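Data first, discussion second: the structure below is written as structure tokens.
We call the chains A, B, C and D, going by the order they appear; numbering starts again at 1 in every chain.
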Amino acid sequence: MFPIIPERNQLVVSKLIDQFGDAIESHELLKDMLCITVSKEVIHEVLLFLRDEKEMQFNFLTTLCGMHYPEKEQLGVVYHLHSFVNNHRIRIKTATDIKNPVFATATTIWPAANWMERETYDFYGILFEGHPNLVRILNMDDMTDFPMRKEFPLEDQTREDKDDSMFGR
Amino acid sequence: MPQDYIPVLIQTFVVLGFVITTMVLTHFLGPKRSSRAKLENFECGIEGMGNARSPFSVKYFLIAILFVLFDVEVIFMYPWAVNFKELGKEGFLDMLLFMTLLLAGFIYIILKGALKWDKR
Amino acid sequence: MSENQKQIDKPTVAEPPEGVSGQGFFATSFEKAVGLARKNSLWPLPFATSCCGIEFMATMGAHYDLARFGSERLSFSPRQSDLLMVMGTVAKKMGPVLREVYIQMAEPKWVIAVGACASSGGIFDTYSVMQGIDRVIPVDVYVPGCPPRPEQIIDGLMKIQELAGNESLRRRHSQEYEDLMKKYEIE
Amino acid sequence: MAIDLDTDYWDKDVVRSEEPKEYNTLNVGPTHPATHGVFQNVMLMDGEFIVSTEQTIGYIHRAFEKIAERRPFYQITPLTDRLNYCSSPINNMGWHMTVEKLLGIETPKRVDYLRIVIMELARIADHIICNSVIGVDSGALTGFTYIFQDREYIYEIYEEICGARLTTNMGRIGGFERNFSDKAWTKIRHFLKTFPAHLKEFETLLARNRIFMDRTINVGPFPADRALAYGFTGPNLRACGVDYDVRVMNPYCSYEEFDFIVPIGQNGDTYDRFMVRQEEMKQSMHIIEQAIAKLDKMEDKETYYASDPRFVLPPKEKVYNNMEALIWHFKIVMGETDIPVGEVYHCVEAANGELGFYLVSDGGRTPSRLHFRRPCFIFYQAYPEMVKGNMLSDAILTMSSMNVIAGELDA
């Protein structure tokens, strides 16, 4: 379990709320990590604030990944930040409607986000404006749809020996 | 044709004969498939980008020529080494002169930096 | 010296092909002689992509030592290789690369698909993995396993050695081989 | 009279040409011996110097995260061994600890120590491959052939414990599938006795070797702040001088009871990465010795799994003659036990860095989202910046010293 430091969590939440007001939609302690949901428009400023603020110093972007909420018709991005100085990990979540999945890029804040955002675009089709070269990274370049969305089938479609009758489907 | 050249002739004939017959034999024996894709140069599986015939820096050529030059100098030393005793002192002095001349050239090369490899 | 000790010290020489032998001479068909030569000097191209590649490292290591079968010299360019060992998952993005490497190999050439991923896509029945490399190139020997133990890889190599040993010199010109190439559109 | 070689007195009469220099492209492509995996760098070359590099990866993208959304929790362990297949037990244990964190299972002390022994063995196995491959790439092949024997010996230890050599699928959620046999313990003790001598031999072969030092010192150096900005973790970050180690910063699996030092380098070049990994192998052996000492002191030599019946597979003999165990076994294996709703992030110090698992479960039998934080994928982005301006042979050495594993790169 990660060390849960209640006052640090309080500090982060309070600072964020008086900085961004109600753009911080919700915050809760999930298992051992503070999880803050932020609205889409301020995501870039929140991340910059979290990195540069003296008490926060979240200087390390642990990981960034896309999410797909089919029932809410939403695409989301989850950032995991880690402050080496005071050994504090938090999770920032944002979501947007599936029609125009555009977020501000985090590459200008951490260069590590470059490939992570390309992978998220490759999997979910989330566009990151301001990204130096937002191109598919893992899949074939001529692939049109986005494989990690829930409705995309997992199995390879060119296989003819695995028809459903064999699997009782 | 002095008598004792026969073995040398036989030797060269055997060597050349072996080389030519094996080349010809494999040419006819081995299966061949040649196609456009096969004859392209191998670029780790990707079709080639750019061509290899573009100009490259002169220092590679310099290094090669200097090697040839000093290699030839060593070749001159072979006959000297074979009859080192007969040539005696003045043969030694001649070779010394020959070598100092080339040494001067070598120092000039070092100062001009032709052998400096890891500078852009 | 005990019996098996003597056995070990006698170097195992590849046994001669069948042929007529008499007082100081030995006659065999030319094909068998060429087959013997090819069989014991297969130069593998280790097309190692993932976990089977690390198992191939163990096979090449001193413990299992592929060099005992004459495949000591790995060649990473298709020009000097006779045997294409495809080890590990081949994604669809890798298909054209694999095909290009196969085409640029010199005849006669053989292919081993080492591991379940190379033989049939293995456990990755996904949109991005090519379900077996025989969709792009003709394969001679499939080695099951995920990853196969080094002994299995060596067994696969010994199967290829049998193929190379008894292959007739005219196989690569035969109609059946041409149809195989036509099937894979390799002109 | 000292001749100063660097003055441009000698270059006065050299005529420099003005027209733009023309670069040719070199394709260090997917099938290349130096890349030890399938990723491609198209390099713009000025003679032997690299002007710029453009990377393409994804040549064995197998859609791990998509498969993980379709499999119950037990069946994801074989997926995790194929992430960093040079040290698969660490990935397995990391995944099991993530699920235990979500389910709130407390594993007994003995299971923690057993896991530590296995994880440190896997770290040694991974560093053996990486360091011997640095030797191979700089031309010293003997190191590889000798030190690989010890990795074969670690394979034998894995076989004693779980039957597989490379993709081990070791352990279960909450512990192990069986207790370590005595043969496994004798082999581990034998390994601890013989490996230090082999490691010392390997190190004397390379570490103070004039050629190796010239080839690796100051090759591909990387400053610490750029390393942190690029998300470096593990030996590559420690070589840059930042002593971040997940086992020390966020101790898991009772690592806090062990004392070991975290080796760090100075300027993050290939020689530092090599020496950090050498030192880490020694520290790993030190940890295993402490773990074995603790295990010998414990009187209970039997428990090898946590006793939470809802999620932990009961041992086979219990399943055959005990009704609930049979029912639990069936429910767990068929994946019918519903996992509580929740999301958790847990990370483990894998051989290449911080291997993280972000698991989101919406109550069903399969995770609704599982994201792998793959250290190779993140730090390989900095490769163009590390090799800009270096010579090609240095770039090859930098790549192999970063230990980029293709399976983990494009999961």
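The criterion applied here is as follows: a residue touches a chain if its C-beta (ideal position, glycine included) is under 8 Å from a C-beta of that chain, and two chains touch if they have at least 3 such contacts.
Computed from a prediction, not measured in an experiment: that's the story for all the values here.
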Query: Farthest chain from subunit C, comparing Cα centres?
result: A
Message: When contacts are scored as defined above, which chain pair ends up with more C-beta pairs, A-C or B-C?
response: B-C
- line: Here the gap between subunit A and subunit C, centre to centre from mean Cα coordinates and rounded to Å, is 46
Statement: Rounded to the nearest Å, the gap separating the Cα centres of subunit B and subunit C is 37
Statement: In whole angstrom, the CA-centroid distance of subunit C from subunit D equals 31
Message: Based only on mean CA positions, could you tell me how far subunit B sits from subunit D in angstrom?
response: 46
Field: For subunit B, residues that touch 2 or more chains besides their own
entry: 44-46
Per-residue overlap in subunit C, given as positions that touch at least 2 other chains: 93, 97, 101, 126-129
- prompt: By residue number and range, which residues of subunit D touch two or more other chains?
  reply: 29-32, 58, 61, 63, 66-67
Field: Which pairs of chains touch, using the document's own definition
entry: A-C, A-D, B-C, B-D, C-D
Message: Could you list, by residue number, the parts of subunit C that touch subunit D in their complex?
response: 47, 49-51, 53-55, 57-58, 61-63, 74, 76, 88-91, 93-94, 97, 101, 123-124, 126-129, 146-147, 149
Message: Help me check something: in the complex, which residues belonging to subunit B touch subunit C?
response: 29-33, 35, 37-38, 40, 42, 44-47
- request: In the complex, go through subunit A and note every residue touching subunit D.
  value: 1-3, 30-33, 35, 59-63, 65, 67-68, 78, 80, 84, 87, 89, 91, 110-112, 114-116, 119, 123, 136-139, 147-148, 150, 152, 154
Task: Going by the contact rule at the top, pick out the subunit A residues touching subunit C in the complex.
output: 138-140, 147, 152-159, 162
Query: Okay, in this complex, where on subunit D does subunit A touch?
result: 57-58, 61, 63, 65-67, 69-70, 101-102, 226, 228-231, 242, 244, 249-250, 252, 342-345, 347, 354, 356, 358, 360, 369, 371, 373, 377-378, 380-382, 410
